[in-house]
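Shared between the two complexes below is chain A, which has chain B as its partner in the first and chain C in the second.
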Partner chain A sequence: MTYRLQRFPTPLATSAFAARTLAVVLALLTAGAALALTGSSPLSLAREVVTDTFGSAFALEDLALLVSPLILTGLSVSVALRIGAWNIGAEGQFNAGSLAAAGIGLFVPGPPFVILSLMLAAGIGGGVLWMAAPALARAYAGVSEIITTLLLNFVAGLLVYWLATGPWLAPGGRAIGTTARIVVDIPELWDEVHWGLPAAILLCVTLSALLRFTRWGYEIRVCGSNPQAARYAGMPVRRHLITVMLLSGGIAGVAGMVEVAGTVHHLQGGISNNFGYLGIMVAVLARRSTLGVLASALFMAVLLNSGIILSTRGVDVSVVLAVTGLVLLYTAIGDEIAHYRIVRGAALSARAAEAAPKEYPPNELAE
Partner chain B sequence: MTAGTSPLDPSPPAHPLPARLGQPPPAPQVQPPLVQLRGITKTFPGVIACRAVDLEVGRGEIHALLGENGAGKSTLMNILTGIYQPDAGEIHIDGVRRHFAAPKDAMAAGIGMVHQHFKLVASFTVAENIHLGWEHTPARIRARDLAARTRRLADSLGLAVRPDARIDELSTGEQQRVEILRVLARRARVLILDEPTAVLSPSDAQELFKTLKAFVAHGNAVILISHKLDEVLKVADRISVLRGGRRVATEKALDSSASGLARLMVGHDLVSGANLRGAARVNGAGLATHPVAAAHAVPVLELRDIVVIDSTGRTRLDRVSLKLHGGEILGIAGVTGNGQKELSQVVSGMLPVSAGAVMLGGKDFSRRSARDFAAFGLGHIPEDRLQSGLAAALSVIDNSALREYARPPISRKGWYRPAKARVLAQSIAVAAAVSVADFAMPVANLSGGNQQRIVARREMRIATRVLVAAYPSRGLDVGAIETMMRYFVQLRDDGVGVILISEELDELRNIADRIAVMCQGAIMGVLDPATASIADFGLALAGQRHGATAPLEAPAPQRPRD
Partner chain C sequence: MDLATGLLHTAVLAGGVPALAALGEVLAERVGVINLGVEGLMALGALSAVVAVVATSNPYLGLLAALGVGLALGLVFAFVTVQIRANQVLCGLALTLLGTGLAAALGKPYSGTPVPALFGPVPLPYLSRIPVLGPAFFAQNILVYVIYLVLPVGLHYLLFRTRHGLHLRAVGENPAAADAAGIPVQRLRFCYVAVGAALAAVAGAYLTLCFVPSWSEGVVGGRGWIAVALVIFAGYRPINAVAGALLFGTTTALGFLGQARNWPVAAPVLSMLPYLATLLLLIVPVAASPAMRRRMAAPAALGLAYFRDER
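Now for the complex of A and B:
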């Protein structure tokens, strides 16, 4: 009786989940080992991180404030992935959205509700605008959106920097490079926590449902999985690609607006706080599940929060960045390993025979 | 290490190799064939790619391997070059049995292959590509010396290349020469070429044939995979025809004719006994005796002078006119690659026409989308089911709904209802006789045959007026083919017009009411299977317009240029 390893085209749900859990645990262990080598006590640090993150209302509020932008940027990247596009530019769209929203908040007078609505519209508009060129270039000229969205990040980031330290700098000569405080706020729900969080969760749930339970969502999934099959079924592939990419940009723009109007209340350089890039990690960790963004955004927020706590204990913040990197690395490895199962004997099992089309001779049968 | 090492001064261009193989030199009187394949069998799950194939290639011979897609040519050559291992059978080189565990073993025995899709690094120079992954490449060498080595190699082998040029600056003909040089530099005595002229201009092709003739003149051999009949007749010494994984014939080129070869490739079976088609033929006799439905006044589908010119400017369909009436099966015969794929895409609304009109039910659909075609009641079983018929990563449920997701009960007011789609998927699976363990799993987990059955049933459901089936029996076993053909007949009897594109002439003759024969993008004629002889089909398949009287072997004047 021989045993051998066989690759299956789709992993079992249980092994996929186990692989992810193992990846997180391993990443934490690796980081712990590194901390132990530098002379800290990883166990006591871990205890402090846990109590400081979940042990007080104040800490939970911080966590909540971190989660909402991560949900939104993660959702932005995840939605684009569903149509087969990599939105590396959530960072730039976040900045564009916060910039446009701040512009309204700073310079347009009016009753709070109207201004908030205008800011939301501006946030969406900024994100959509920032995605417009990459979306059209991809749809009509086949230009890789990975490059274009990435490069536009720097433009948006520097634009925000320039405005916040230059033309829009708060009057009164304060040294900090920010605009004046924006008077209108997103209403608060519970102390510092504002309505941005439930709105983000609601948006995530709604979009997941739309993708799963509407005709539009079905078409998006087919277009993303195999554009040629979508064309065969007569779906407007290009139109869907453009609208979903713009939608993705718009969601990232909303994240920027929420951050400005709910949490920071100024426009300042670096307001995006890498949320756009972290959104890529959130989306990748959530695999193909839009709803899974909620869980992975929470996980990412806990990680970031731990970083802040650790830095107050004299541990370098880069440890946290290392942990996020390790989590992604181990997850990628784990996802691949989850495809493998140990098969007994030489004869192919039924499942294995099903899986075999991948091994067809490439020239003859694929054509 | 400098120039002057062994591969650079072969007594050019001959390849005096046997000593290097570590065998006693073959007896001078009766030389064993250079390559001998004995009983090669190779199966993939659900498919027998090669069945007990014997093949001999002698010194100084250009041996052509003819066959349709899926006939087993590439699999056989992949076995000879060590990419696959045969399930049964033996490979003998110079009369000595060899095992090729990997391509490098075959290369060491002097067998090299030039693939249809070149395996060159586009951003590297010619010299770098020649020396890539070669044991004789010096570990450290300057670019100038590398180019000089390449130039000497090229001169010694009589192949003109520009060593300093980057691959992406070269024409396809030049790239192919680099590929050939790379193989010959590694001292190949057997050169295998897969569809070498598919990418070449006619003058480049002439140049290639000259090179090949010179190569075999020194006692080497060439195996040429092709399905271009005329070029094979011109350049090859002997021709072997594969069909359905079997070698059905080996003939001397001088004794062969284009029509005879076409017949061998497409279906007139010389192998008796365990004939795959045998069962179908017996039952087929009953199937074919269908009183041709009284012609409806308006054809359900009509093509008027359709011309399709692809992005490279080649004419893919050349003034194709066809009428399909409800209640008939129109067969499309032809050697693969003569416009059948484009035809099926045009009649299903996936490929816009350059000129001409597609009429459905008397209305012009030339500018309509594939969705409108489907809404008219046209089902389409595409030839490349995984590429265009299915979304591999989506579930069996989602894939089953591909044609009906926009209509009730699956869709209502813009909603998509997975529960209803699951019901549909289950009924399709039952009708297709496919047992699906988990309908939520990706359709890619199904075997190729089961995917094909699901697609076929899905399309038959919507085909209330027209069904276009391109190679529907590919990947299916005899019983499943039989079942599917019965469904086609049933659809026809229900008044649906069926277009059946097939590479099996027998299959078409059994079931079709009329058979249109395609060659080089044009319809050579529409034949009545009851009265047309095999010879008539052979002539049409070889590019002779039905009814024309020009001699067979003369270049047919009506052929579109390409």
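Now for the complex of A and C:
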């Protein structure tokens, strides 16, 4: 009896999960080894990180504040992936959403509830608007959304920076470069933690259910995994693509609105804090599960928080970005390796290989 | 220097950065591998060039250091995407995050340090005395001539006039057919992905040795992504890519000019120009004409790993 390695078109769920976990562990080990090489002690740093992250109620609040934007940006990227589109622009849509929401909060007077609703609408609108050009260009001219969404990130970042340090600058606020405080805010739930977190979780669960149990969700998944088949089945592929991409932009915009109205309370340059880019990581780690976004957002929040803690111990914050890259790289490798299974038996004959199912080129993450 | 000359001079200088990176990306994408890690490669290339030149005061060694770093990372990227066949988009994004983060963390001690030795201008005899165009195009540093003339013409010849170039393009269009014809698909992909990555890192070195003569966090500022966009705009052709880069450089120069002359537009708004211009370059031609879309189409196997047993 001989054993051989065979590649299957889809990985087993268990091996995919194992590969992902292994990827995360290996990435953290690599980062630890790198830290050890630069002379710090990774073990004592890790102990400090764990106690400082989970050790006190105050620390847990900080973590909770990081989780909600990560859930929302992760959800944004994840939804777009379902239809086979890479939203690398959640960062820009986040900025656009926070800008639009701040505009309402700063300049429109009215009762808090009305203003908050208007801010939410503006946040969604900002995100959708920022996604409009990439979505239409992809749907009608086949322009890669990866590049277009990404280029708009820089534009949105500069726009926020310009408004916060220029026309919308608070009187006497030149030194810090922010707008005045926005009076209206999302009510608090538990000390610092506001209703943004339960709202983000609710949105995630709702979307997950919509994608899994409704006809719309089914069509989205089919359009993502095999657009040709979807077209033959009479599904409006282009319309779905546009609506899902706009939805993705809108969710990232909500993330920006929640950050402005719940956590930061004014508009300032760099408000997006890489949440959009980390959202890609969240979505990829969650793989095909929209609910999985919750778990991977929590993981990314811990990673991000560790970076903030480590920065007080002389480790640069940018290390978090590098570790994120490492996790992503190992995950990509693990994903591919998970396709292989050890099977018993002699090598496939040429004819059997021909009969073996072929892999479809479109994005397997979409399924 | 008068206005037009100054504008063109800056445009040529600024365009060199994405031009070099785009030329590398053309090679990688022509063999069917999309490398979205250009931004990270440029960051590490820019930093390693500064580190090497601060230590040795020799700009050529800085260039060499970036080349080495880019080649090493390119080999890793090629191994992961070509040999292991992992998802190219994910690996590229990973490389961008890794490179930007690592360069920012390692580059802290060098932040703001002026580079002690730069590539100085080398005016070409006679040509540099042409009014307006001469000082702009022919009184630049030595790398500019390589980037705008030697490399694009050489690569164009290689891609479209040699048998090797035909093989290379075949690998990106239809690897199975290329394989059947006896072309070493995996080896060609491996080599050109690594070379493309090395060129991206050298583009970073050009940035810190010729254009902004110091390292700072975020110095690359999306130029890597602009290079990837230029490749699409150029229809995967080296000469077009360099022309596109010159257009990009012109918008950058316009932004500088506006700031220098106190135009009534805020500096951050002027800084948006290059990104918006690139976006327009990307969308307008293909949206306007379907014929253009066909002519400028991507290599058919771009982004897809090649499995021999699926033939």
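The rule we apply is simple: the second predicted complex is superposed on the first by the 346 of 367 C-alpha atoms of A that agree within 3 Å, B and C clash if a C-alpha of one lies under 4 Å from a C-alpha of the other, contacts with A are read in each partner's own complex, and residues count from 1 in each chain.
Everything below uses one rule, namely that contacts are C-beta pairs under 8 Å (C-beta built on N, C-alpha and C of every residue); 3 or more make two chains touch, one makes a residue touch a chain.
Note that the structure is predicted; figures quoted are calculated from it, not measured.
When the shared chain is aligned, chain B comes close enough to touch A:N226, but chain C does not.
Contact with neither chain B nor chain C is seen for A:T312 once the two complexes are overlaid on the shared chain. In the superposition on chain A, A:T14 contacts neither chain B nor chain C.
By the touch criterion defined above, A:V155 reaches chain C but does not reach chain B. In the superposed model, A:G217 makes contact with chain B only, not with chain C. Comparing chain C and chain B on the residues of chain A they touch gives the larger count to C. Judged by the touch definition given at the top, the superposed model places A:M235 against chain B, while chain C stays out of reach. The contact surfaces that chain B and chain C form on chain A in the two complexes overlap at residues 353, 359, 361, 365. Residues 7, 86, 88, 133, 137, 140-144, 146-148, 150-155, 158-159, 161-162, 165-166, 277, 280-281, 284, 315-316, 318-326, 328-329, 331-333, 335-337, 353, 358-359, 361, 365 of chain A are the ones touching chain C in the complex. For chain B in complex with chain A, the residues that touch the partner chain are 44-47, 49, 69-75, 78, 84, 116, 194, 348-350, 369-374, 380, 382, 384, 386-394, 398, 401-403, 405-406, 411, 414-418, 437, 441-442, 444-448, 450-451, 474-475. Those residues of chain A that touch chain B in the shared complex are 8-10, 212-219, 221-222, 225-226, 228-235, 348, 351, 353-357, 359-361, 363-367. The touching residues of chain C, when paired with chain A in their complex, are 36, 40, 80, 84-87, 89-91, 93-102, 104-105, 108, 217, 221-222, 225-226, 228-229, 232, 266, 268-269, 271-272, 275-276, 278-279, 282-283, 286-287, 293, 304, 307, 309-310.
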